[in-house]
Structure formats: C-alpha cells, structure tokens
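Chain nomenclature is as follows: A, B, C and D, assigned in order of appearance, with residue numbering initiated at 1 for each chain independently.
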C-alpha cells in the first residue's frame, strides 16, 4: 500500500500538537498580560487636557498645597475640582495674557466650565471617599504618586480591586502620620510595619469590615 | 540485502496463526518485532515480549494531582485569599468542597489515561514504514501481520524464509 | 453464548470482513438519501429558530421568558436537567455495561455515546443562557482575576460547572478513543484521497500494533472505570441544585439517587426513540437486534421502578415529616393549579413503563418507540413539576405566584432538538455509527463454539 | 385568638382567563417595551448584541470628562447633600418637609420634625412629589389656543383686560381655585377683589368639605368610634393621627395604656384595619347607626356596650363621623368631641362652584382664571362643567399639566411646582410655612403668586419678593431678616399655630334614602382624587387590601358577589341615576354587603403618558347632591373581563403565623404566649458550626405590627431613596414588581367580616442567609456587621438566591428597567440618588438597610472619632413611617432602641423555625377588644 502521508507528516503532526498547545497557552498569557497592562488601565498615560496644567509647576514650583484647589478632600467623598474662579485668583495677576490660559479666561468670561479629562476614573459602582482616607492617614501620594513631579497628570496605579484590597487588608503598611498626609515627598520608614501598628492606634483605623463588599459597593 | 529495509512482514488469515507465528519468532530469538491486527488479539503483546504497560500508574498520578489541585484551590481561595462570611458557614466548609474535588480527580485521571496512552504509543504517527507493506491496509480490516524488523541482530535474508515457514498467506518486504 | 430461545446480539453469518463492509458502507458507499437531506434540513431549521430566540434573548434579557419572582427558574433549568439526563445512557452503556461484560452493548455503545455528547452539548447551553448577564459567565470559573475574587465553592451551581464540563470532556475522550481504530479502518477503506486524508489525520496513524492494543485496552478499561462513578455523580450533583436549597419540594435527601435513576431512565428512553428508526432506516436489524431493544426496555423498566419509588418516598416523607410547608407543597402538586402536570408525569413515568413487564411489548419496536416517547415527555414534565410547583408556592403565601413559558421559552426548547438532531445526522453521515472493532471481536467470539 | 384562616377570594393564577389574558395582553414578542426596536433592525441589533455579549467584558474603559463649577456656590461641598426646609400642599394644607439636594438637584423628600402636620414622617404623596417635580409630562410652554405663546404676550393681554375691568369694576372676571391656605395668595386675591369689587372668587376642591373636619387629640382619647371616618387614612392630618394613635398601642415600652377603637364602615380602610371591633355596614345602615347615637334610639346588640364604653369615657372618647353622614349626626359628634378638639382648620373663603356656573349660564362671565385644580375632570358630573366652561369667552388656566381643564382653555400657562417656587401655606392647625424653591423652574413655569401679581397690575414680580413682602408686612418685631431666615430654616413660622374654631357649616352628605345597591365613592389610596394620576410611583403602589396596581375597581363583598354571580375581573356596567360607567369587579372581604365602593381619580384622559386611560372614571357617576355616594345602583354584567395586576394573589396566612395577634388581656396573662404562637426557632447552639460572632456593630431592625397602619409610605420612601424603577402593569402582572419593602396584607377569620392585618416585609438580613449559600460567584455575602450584602456589579444573575429566599424579598432586573417608558426620560436622571447604584439588566437587588446611610453616618462618626449614636442611622422606610413602627439600630448595644424593641416578649422572627436567624424581627399585634361587646 502507498504511504498516505509523507515522512515529514510525523514531524508536522507533533509540531501541530505542540504548537497548538503553546499557542493556546500563549493566547491565555496575552489576555492575562493585556488585562494587567498599562495600556489597558491607562496607567502612566497623561491624557490631553484643555489647559496643559502642570502639578509639577504649581505644587513643586510654587508650593501650593493640595487643598488650595481640591478644597473638599477632607470634608467629602469628592476631593473637589477647582472652579475657574480659583485659577483666576492668581491668573488675573500672573500670566494675564498667556495664550495657554485662554480657555480659563473664556470659561470665567462666558461662564462656560472647563472640561477636564478624568485621570483617575473608578467604575460607577465603586463608592470611594477621599475624606476618610485622608482622615485616617493615607497620603495623597499613596494613590496619586508624586504629582509634584508631573508636568501633565497621569495615573500611577492600576486601580484594580486587588490593588484596593492590598491596602484594605493591611492598612498598616500604608499609613503615615496625619501631618504627612499632604506631603508628597514622604517616604515610609524601614520599619513601616511597626510604625504602621502605632499609627493604627493613633488614627483609629479598624481592620474590622475593611474588606466588606459594602465598604465600597452599594 | 537492501539497506533501506524496515523488515519482513508475514500476512495471516487468523489471529491464532499470528499468535503462533509470534511465539515461534520469539523462540527463534527475534526480539525487534511487532504484530498488527484489526482488533486486540489476546496474548499477542505477550507473544512478542511486551509484558506490562505503565498506563495505570499514569492514571493514578493524574488522579492524585487532580484531587490535590481541586481541594488546594478551594481551600486557598475560600479560607486564605478572600475569606467571606457566607450565610454564617465556616470558611473551611469541607463538605462543600468534596464534589469539585471528586470531579477534578476524575477529569485529571481520564485526561492522563488518554494522553498517556497516546504518548506511550507514540501517536500520532501518520507515517510509518509498515504502511509501505502492500496489503497492510487490511491490517485495519481482516488480516493479521507479523513484522520482524531489520534492526534485530538476528535479522537477515533467512528471516524471510523463517517467516515463510510459518505458512502465512504472503511475506512482504517492508522498505523503511 | 446465547441462552436458548434468546435472540443473538448479532445475526449469524457475519465475519470481520462483512461486518466491516456493512458498517463502513453506510458512510462510504451509501449515496446522500432524500431522507437524510430532509431530516437534516428540518433539524437545521429548528436550530436556526433557536439562534433567533437566543439573539432576542441577548438583546432584551431573560425577561422575555416567563420567569418571575417567586418562580425565578423556568424552562432553561428544566431543559438543562432534562438534557443532562438524556446524556446519561451513553456513558452508562459504554462504561458500566463494559465493566459488567455485557456483550450486547457493543453494537449500540458508539451511537449512545454520540447521543450523550450531543445531549450534553444541548444541556450545557441552558445554564449559560439563563444567566441574567451571560457575558460574564466566566466568573463561575476559577482564574486569577484582577478583582481578587473566586467562585463561591458552596454553591451547587459551581459544582455543576465542574460536573458537567468534566462529564462532557470525559465522554468526548471516551468516544474518540473508541473511534481511533475505526477511523483507521475508514482511512484504509475510503477511496477518495481527501477522505483518506481526513480519516487518516483523525486516526492519528493507528496501525493496530499489539503493543498499542495492549495500552489501548488498558486505557479504555480505566476510562470506563473512571466514567462509571462519573455517570452516577453528574446527576447527583445536578440534583443538589435543588436538594441544597431550602425550598419545600427541593430540600430532599433522596434526590441524588432518584435523579440518577431518572436520568438513566430518560437516557434509555431516548436511545430507543432514536435507535428504532435508525436501525430501520439503515437496515441494521442484524446488528441492533430485538435483543438490544429488549435489554434497553428492561433497564427502562428497572430504572422506571426506581423513579416510581422515588416519587412514593417523596410523598411518604412529606407526610411522615409532618412539616406544614412540605405537606402543603405535596398537596399543591397533586391538586393545585399545576396538578395536571403532576398527574401527567405519574402517567408517563410510573404507569407507562409497567407495560414493559411483558415480553411481547418489549420486543415490539413500534410500541417500544411510543412508550419511550411518553417517558421522554414524562421526564421533562417531572423536572417542570419539581422546579415550578415547588417555587410558585413556598413559604410566604403573600409571595405566591404563577409561571408559564412564553413562546420564547418554547422556541428555545424546541430549537435545542434542532441542535441535537443536526449533530446526530452529521454523525450518522460521517462516522461509523457502530464500533467496527468491537463487532469484529464479537463475531469471532460468537463463531468460536462452532 | 382563633387562627382559622380561609383562602383568598381568588387566586389569579388558578384562573385560565388569566393565562388567556396574558397571551392577549402580551402578544408574541412578549415583554417588549412599546417603544422597542422594530423587527427590521432585529438582525442588525442581534449581531451587535452578540458582539457586545462577547466584548463587553473586554473593552478598554473610555475617557470621561470631569467638569468643575465656574463659580462654586458658597455653602456647597461637592459630593455632600444639602437639606432645605419647605412644605407641600394636600388640598391646600401644608405638610412640612426637608428636601435632600445633591449639587442643586432635589432627590429625596423627608418629613420636617419641626412641623406639626409632619412630625418628621411623611405620606405617600409627599414622597412621590419629587417624581412629580421632574415629570416630563408637565406643561412646558405658554399656549394660546393652538399657538405657542410667551409670558410677555400674556402680560400684554392682562394689561388690556385690566383696562376693561377698571371700567366695569371687574364684572365678568372670575377666579377659580382649589382650597387655599397660603396667606400671601389669600392677600393677593383680596387685593384683586378690592380693586375690582364686581369680580368674584370661587373655590372647588373635589374631596375636601367646605369646612373641613376639626382636628382632635387622638392621643388623649381612651375610646374612639369611627363611623365611615378614615382618620388614619390619607389626609392632611394623617401623620399626626397615626403618630398619636400608635402612641396608645405600644406594648414594648412603659405602661400599657391602650386605647380602644370601634369602627363601622362600608369598605375596609386603614382605620378599619386597626379596629378592635369592626363592623361592615352600608351607608344607609351607617346613617341609621349615627342617628341612633345622636337621638338615643335603639342600637344593634353590640351597640349598647360600645355606647356605654364611649359614655363611660365621655370627654376622653371620640366619635369621629365621616363627611357622608347627616348634619345632625355630625353636629352631635362635634359636640361630643369638643373636649378633645385641638384645632379647627380655617374655612375656605370664596364662593362655591355652583354659583360660578350659574353666572356662566347667565352669560355674566367674560374672563375665567383657573388656578390649579382640575374641575373639568373632577367637578360633580351634574354641573356639566366642561360644556358650561365653553360659554366663557376668555379662559385662562395656570396648571402643572396640560390636563382635562387646560384642554378647554385658550390661555394655558405652565405652573411652577411647589419645589420650584416661593410661597407659603398653613397646616391644618394654622401653622404657616414659607416654602422655598429647591431648583429653578425646570419647564419655565410660574407660580400662582406671580400670576396674581400680574392680574393685580404688578407685572411679573418674582415670587420671592411677593412672599417676602407679605411676611415683612406681617412681621411686627424688628430684625425681619433674622425672623425670615429662621422661618425658612425651621420650615415653620413661629407663633402661627393653633387655628381658631369656627362656625360649623356641614356639606355634602351621602344621599341614603331609596333602595337597591348602594354606591360609595372613595379617593384612591394611591392617586387621591386623580391629581397624582401621572405619578408612576403612586400608580404602581399596591393599594391596601386589594393589592391592585395601575387600576381601580368596583369593590363588592363576597356575599354580594355570590348573590350577583360575579367573580373578580368581570366587567360590569354600573347604572346609577341614569348614568353609566363600565367597571371591573373586585371581590373585597370586609366590604359591606349590597354596597359597591369605587375609587375616584382614574380614567384620566389628559393626565400624561403614565396616567392616561388607567382604570375607569368614577366621577362620571358623582353628583353634587351625593358626593359620597347613594342608593339606586344597578349592576349589569357585560361578559367582558378586565385583568388586574396585583402584587399579592393569596391573602390567607395558611396557618403559618406570619402575623401574630393577641389581645391585651391575653398578653397581660401570658406575655410570651402571643408571640410564641408559631414553631420555635432553633437555639444558637443547635448547630454543627461555630456561630459567627459579630463584634462591633450588629445592625438589626424591629417592625411593630401593633403600630403599623399599612399606609405604604415605607414602600415608596424606599423606592425614592434607592432608585427603584417602575416596571408597569404588564411586568407587575408577571410578578416582577421591584419594591424592596412590601406591605403584606392578610385577611383572617370569616370572609364577611375578617380581621385585617398589615405586615411590612423588607429583607430579613438573616444571619444564616440561605441566599448567600447558593450564589456561585459570592455576589451576596455577609458583612462584618451582619448585613446581607448584595453586590450588583458581581452578580451574574442566576436568580438562585431568590429561589432560596424563604421571604421572597429579592427583586430581579428581568429587563433593562432603567430604559423602560417610565424611567427612560433623560430628565429623570436628575432624580437619581447619587449614593445608590442604578442597577442594570440581569442583576439581583434587594433591601440593603439603606447601607448608603449607614456608611455616611459611619464615616462622619469616624472622622469625629466618636461612636455612632443610637438613632443616628435611619433607613428611608423608618424615617418616613408616621407610626414609628420601624426601628433600626445596633442590636449589640443593649441600650439601643431596637434592642429594647427586640427585648419585648412580643418579639418574634418571621419563619424563624427555618433557622435563618433574621435580623429583622416583628412585634406581635395586640388588640384591645371590649369583653361585653364580644359577649353580645
């Protein structure tokens, strides 16, 4: 009987099986990686803004405190975005005619609000509250990174639920003295674990219920 | 004797003849041989000196792995990774973990059985010298074949006559 | 071999060659008949109807079905349980009967296994469709996600996922492994190059070496050994969907055994419903003899009695438990607004099979066919009764309600037959419907005494 | 107490007709919304949906915008709600409210604790007003005939008109309003009438009597007899009455100072449901009873001990009679009650409707200005208002909707909603509230004040100035600003309470002579006199006793039904005094025999896309001489059927002791016996598992069935707080209503005169929750404080949890309800509570104990480093409840109010025998029957 297949068919057969397996695993790997990639989470991606606002300049350069613009960060779930007025308190004096600030001036003049692009965008079913985090000694930088080094603002964290849980499971690893909360340059000490324990006492942080669903979802 | 010879192949009508032939060949000192039949012939494997298969061992390993993986996964996720109070039940609700453990045990064992078998049989092997033998397509239908391979030290021109002596229907040369 | 007066499992006068020819010719020599085309067209039309229904479902949501609060489960779950049940005969025949050395299994196991696969395929569809958000079905699978969440292992639905998928995979492998030598035969018997090639690829280069056969037999035996507890486990797990719940009419410890019995019951019913026409259409009376039909009937009778026992135990327990909810549920089933369904299932599943006590009926294909049909209907109704009547009146009278399927429910149910039959027709057309290898052995064994 | 129960008159699902109807009502592609994609686009969308199904899990989150203010308002902290005190009117009477506002969007209404007519509670109408505010059907433009016009053109018209009036002293000018208590508006009307002496002002209010009932101190009453008087039912003083009544029904705290309530009524009412002795009598019999009391004639057997009871407590007993009874009786009752009378609402000034119509007929009227109301729909049918109105040359209408009346006027002016305008109003006791706007008029409406300003020749003055001017004039003391601010802040104007009693001028009794069936008119418990007809929340609110939604019915007693061979859903012709209305039958246990009750307010034709063609219009039978009904009704079967959508098909308890009832004496003898009637719950230790210990807080709820009056406000308050969608009649009929807390309704005892029970049922938050166990993805799990959490965004929608919930309190989004024809209007997005997720299709939802409120309080407490105070967290249902029947708090704190409730011997868990360990428990209901009466 004539051979139905060529000699190399065996090699091909094995190759297809091996290859198929590898391709499948590869595909899984790609999906897995893509889901965690910065592309996907828009991490470290600085979206275009109506005004090229530089935290670096305002915070590091001019030493303006976070709360000067984000007024409600200690009072409310929402940190607050500065109304145009706030910008103009200074910019009616400095950079009066700067073309980059035209949108700001227009905004005030025509009462048209500025439309910034969100950098940190949590899903709508997540109820994050800035005030409580600040109050318990979680620094701005813990989530927002060194904004004082950002010419344009970008996301420094993936904002995955797992990432939230990391901190909610062991807050002691992320707590800092209350007076350091707004210090972007604060570096956690070597013995953060021990320090964290004492800070837990001081800041009245309760582990109980930190990982309850209803803590963030309603 | 041609160099590119895989072996000589005797073709038989009945499985009993195949068995006898195989036994004879084995007594004659042939080792590198194989028997081919359209359905499993009792004792054929033993006749050509193939005593025991390791398939059961593979299956056992597969089963144990499955059980381990299943229970481990459940214990880790429910007790360790994200402990949740589900209707006041304990975190380690072992009775609820049994069904999945069982299922995965069976699954892993079964997969091990099939792929173990194929692997040890060296399948898939779409090309094989024996297919060169004329009339070998009957091996999957009605006929029985005994093939003595050229790699056997005893192999030689006489092997052909030896096979012919086992009164087969025919003896074929199988070139590799 | 045969007890006197018993029809043989294969008609005399066959040898390896003729057996091989007869079976392979169905696929290789037989021309595309009008019957097959018509049948396939019909089945395919049904399948398309289901796709339409599913499309609408995905667009609008499960609200297009009749489900509501309190009856939050309807046709989808009923169909799921029913199809899974159907899927039990195959593996039962090939695995358990193999271990029991029932030689009569050989000529029907391939067919039954195929049926099992297709039934499981249909069954697997429904749990996905019945989700409120089917596109996140994969949350029921354990995988390292970015949320840090896992399935909730205490839920029988998760057990289902594993039970059904395991069952599907194992049945598939069992079926394919059994096919390999036959595929080799097909390869060697098919004339056109492309066919040879396709069968050749699928046969993995099988050459019937003695070594291979030994490992093959061992693996096959072990698979059978593994499949046996699996068959018994699958429907047990499915039954836990109900037994784990606290709903009166669900929360019952006898569910696992009587679900398994019911499954095999309905499975064999389906085997008969399909075999009887098929053996006629393809002239396989010599291989699938009256003996086979009779044995299937016997198994139906046995499992049918188990099911009946299950029903009776249920009634007895609700009386014996003296639980007010349970008692009400039972009475409501028998005399409530869904009473007709209950009496229908009693007629189909308890009364009808009693006819099988008589050899005359067991050996009359036509009658068997209709009995099997009735049992299929009955088993579907049983699941309907369990799901719907239990839910529509449970604990709080203030929350009692009613349920009935909308036309979308019916389209999906009927459409699933389309899927099942389409696959079946393709199978009959493309693969040897009877295990050639095992038939060869069988005809030899049957010869030996002479 | 006998627990012998009977099956409900009718169980819809048993009736084949019901199924037929479903086929009829929901043709093939059942459960499409009417505005659904056409079949042509089916495949396209289908393909899309397949793709979506595949991809939705893996699409990159799109960029969103964040838009700050240009100038941020002073008091506003983004992300935090503000509360403003104002008031809402019901037939002119103010009920004080606090309105929650998020970034300038009013989202929720609560009662104002400072206000005497609200006491911090609210009724269904107050709760639903917030939806009415945003109603997309409200009239949006000034219209003249078919022309869209402008306010300026209208002002020009007014100027021209005024010239005419100046010449003839306003002869031919008529003003038609509803009942008005607003001091400012009254003064404006006075001013108008002073300027134009020949002008006249007429008042029409379909339900309120000309001089409304005085208000009594129910809390002080030892014995109350209510004859056809539903004082616990909807009405201007309901909230106060409910609070006072409940205060005399508390068995869990302090001494047992129970009052006793006798009720004689023709149709079951909330008051009747609370009665210790209830008698179902037709209007004629009621009138006789009343006369017998007044004249001392002989009473029925039970009457004498009852009368004795009343007289024994004379001065501390109340005899409350309905408007339908004769003057003699009402006068007698008034005198009887004087000692307990605390307020007499000011009688409405202005002339009545008949006088107006007489002038119309005489052709004396050139200009008719209609402020609010809807006389074309709800005026007595014999007035023929509609056709008479046509005789008036110039018809001006200021209205919230383009309703039946507007349809007959050339000038149609959009009215601003109470929450959009400056105004003021008085409560039943005269307490004035200055109402302030929460938001600019959404649809460019103006208030009655602004219109009156125009008519009085002041042009378009803002409501603020008008109201402020008025009160400035009233204010004698100095520092008006302070007084003004305080009044606004408190929501009540100091020293305006305590309305003075006035002369009694009865009106509108039922005509009770004659024979045959009797007809009784009642305002709808959901949509009142029809003014709330376009409010989807109220339309879908299950009516007490019938549990009917989206319909009204001709309600008859079981016996009458048997006699007339009628069954539920039979459509009949109601022939009454030469008029005819076609109505479906509902058989109502506890209804008086041979008497048919119909609810007013339905069958609207110009209500809006929600309220049009819902039910039948009972006004078509309502005549001025017998506004509350009368004899001479004939019922003719038509052979047609009309399906109802009810939320409770089965109203017998099947002996399962959901509601546990005892008498006061039983309770005093064996305190535990009443609540422990049912199977006992297994003990904590009866388990193989170690019970979970809840350290810290453990939230729990207690519901006092002894206090509940079944007013439904918990249901609708929850709906407002939790963004619960309306699903419509078809979906309700399929058993898919979404209410998180339902008020179950049971009949107990003999069908002809059963006991009536209410039972609010929210999620029980079981500690051994059966629902959690079966969820395959852990979308529902327990919190460390014992909340049964439902996480929508994790839910895949297997619905297994609902199946396994013995209380069936879980609700499922079978379809995209947020996009249905009730919810899809973009403006309604403003109404959503930003603290609660709007659920998508295919996920389960249920009562969360208002976790958003729990969390808000917790965070505040945390930030202030203090423990959460008891009573600081109030779920929406508890906050709204006028009877304080719902208490919520920390059951780990023995001092908490809820712990005290649960400590009561009356405390029991619903279906606790299933070992679910419910966190929500009930206090059994105690009755205080009169032993002599029971003997008689």
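The definition used in the following text is that contacts are C-beta pairs under 8 Å (C-beta built on N, C-alpha and C of every residue); 3 or more make two chains touch, one makes a residue touch a chain.
This one's a predicted model, so the numbers in the text were calculated from it and none came from an experiment.
Undergrad: Which chain has its C-alpha centroid at the greatest distance from the C-alpha centroid of chain A?
TA: It is B whose centre lies farthest from that of chain A.
Undergrad: If you tally contacting C-beta pairs, which pair wins, A-B or A-C?
TA: Top pair by contacting C-beta pairs is A-B.
Undergrad: Measure off the straight-line distance from the CA centroid of chain C to the CA centroid of chain D, and report it in whole Å.
TA: 55
Undergrad: How big is the gap, in whole Å, between where the Cα atoms of chain A centre and where those of chain C centre?
TA: 52
Undergrad: Cα centroid separation between chain B and chain C, in whole Å?
TA: 30
Undergrad: Give the residues of chain A that touch two or more other chains, as numbers and ranges in rising order.
TA: Expected reply: 1, 4-5, 10, 13, 35, 165.
Undergrad: Two or more other chains touching the same residue: where does that happen in chain B?
TA: Where chain B meets two or more other chains at a single residue, that happens at 82, 84, 86-87, 89, 124-127, 131, 136-137.
Undergrad: What parts of chain C, by residue number, touch at least two of the other chains?
TA: 148-152, 154, 158, 187-188, 200, 204-205 - these are the residues of chain C that touch more than one other chain.
Undergrad: Going by the contact rule at the top, pick out the chain D residues touching chain A in the complex.
TA: Spelled out, the residues of chain D in touch with chain A are 58, 60-61, 63-72, 77-80, 695-696, 781, 783-785, 787, 789, 791-794, 835-837, 848, 851-852, 854-855, 859, 862-863, 865.
Undergrad: Name, in rising order, each residue of chain A that touches chain D in their complex.
TA: So the residues of chain A touching chain D come out as 31, 35, 39-40, 42, 47, 72, 75-78, 80-85, 107-108, 111-118, 121, 123-125, 127, 129, 131-132, 135-136, 204, 206, 208-209, 212-215, 217-218.
Undergrad: Please give the residue numbers of chain C that touch chain D in the complex, ascending.
TA: Per the touch definition, chain C meets chain D at residues 55-56, 58-64, 66-73, 130-140, 149-152, 154-158, 161, 241, 244-247, 324-325, 328, 337, 391-402, 404, 406-408.
Undergrad: List the residues on chain B that touch chain C in their complex, please.
TA: Result: residues 15, 22, 34-41, 44-45, 47-48, 50, 53, 55-56, 59, 73-74, 77-78, 81-82, 84, 86-87, 89, 93, 96-97, 99-100, 102-104, 106-107, 109-111, 113-114, 116-118, 120-121, 123-128, 130-131, 136-142 of chain B touch chain C.
Undergrad: Sort out for me which residues of chain A touch chain B in the complex.
TA: Result: residues 1, 3-10, 13-14, 17, 165, 211 of chain A touch chain B.
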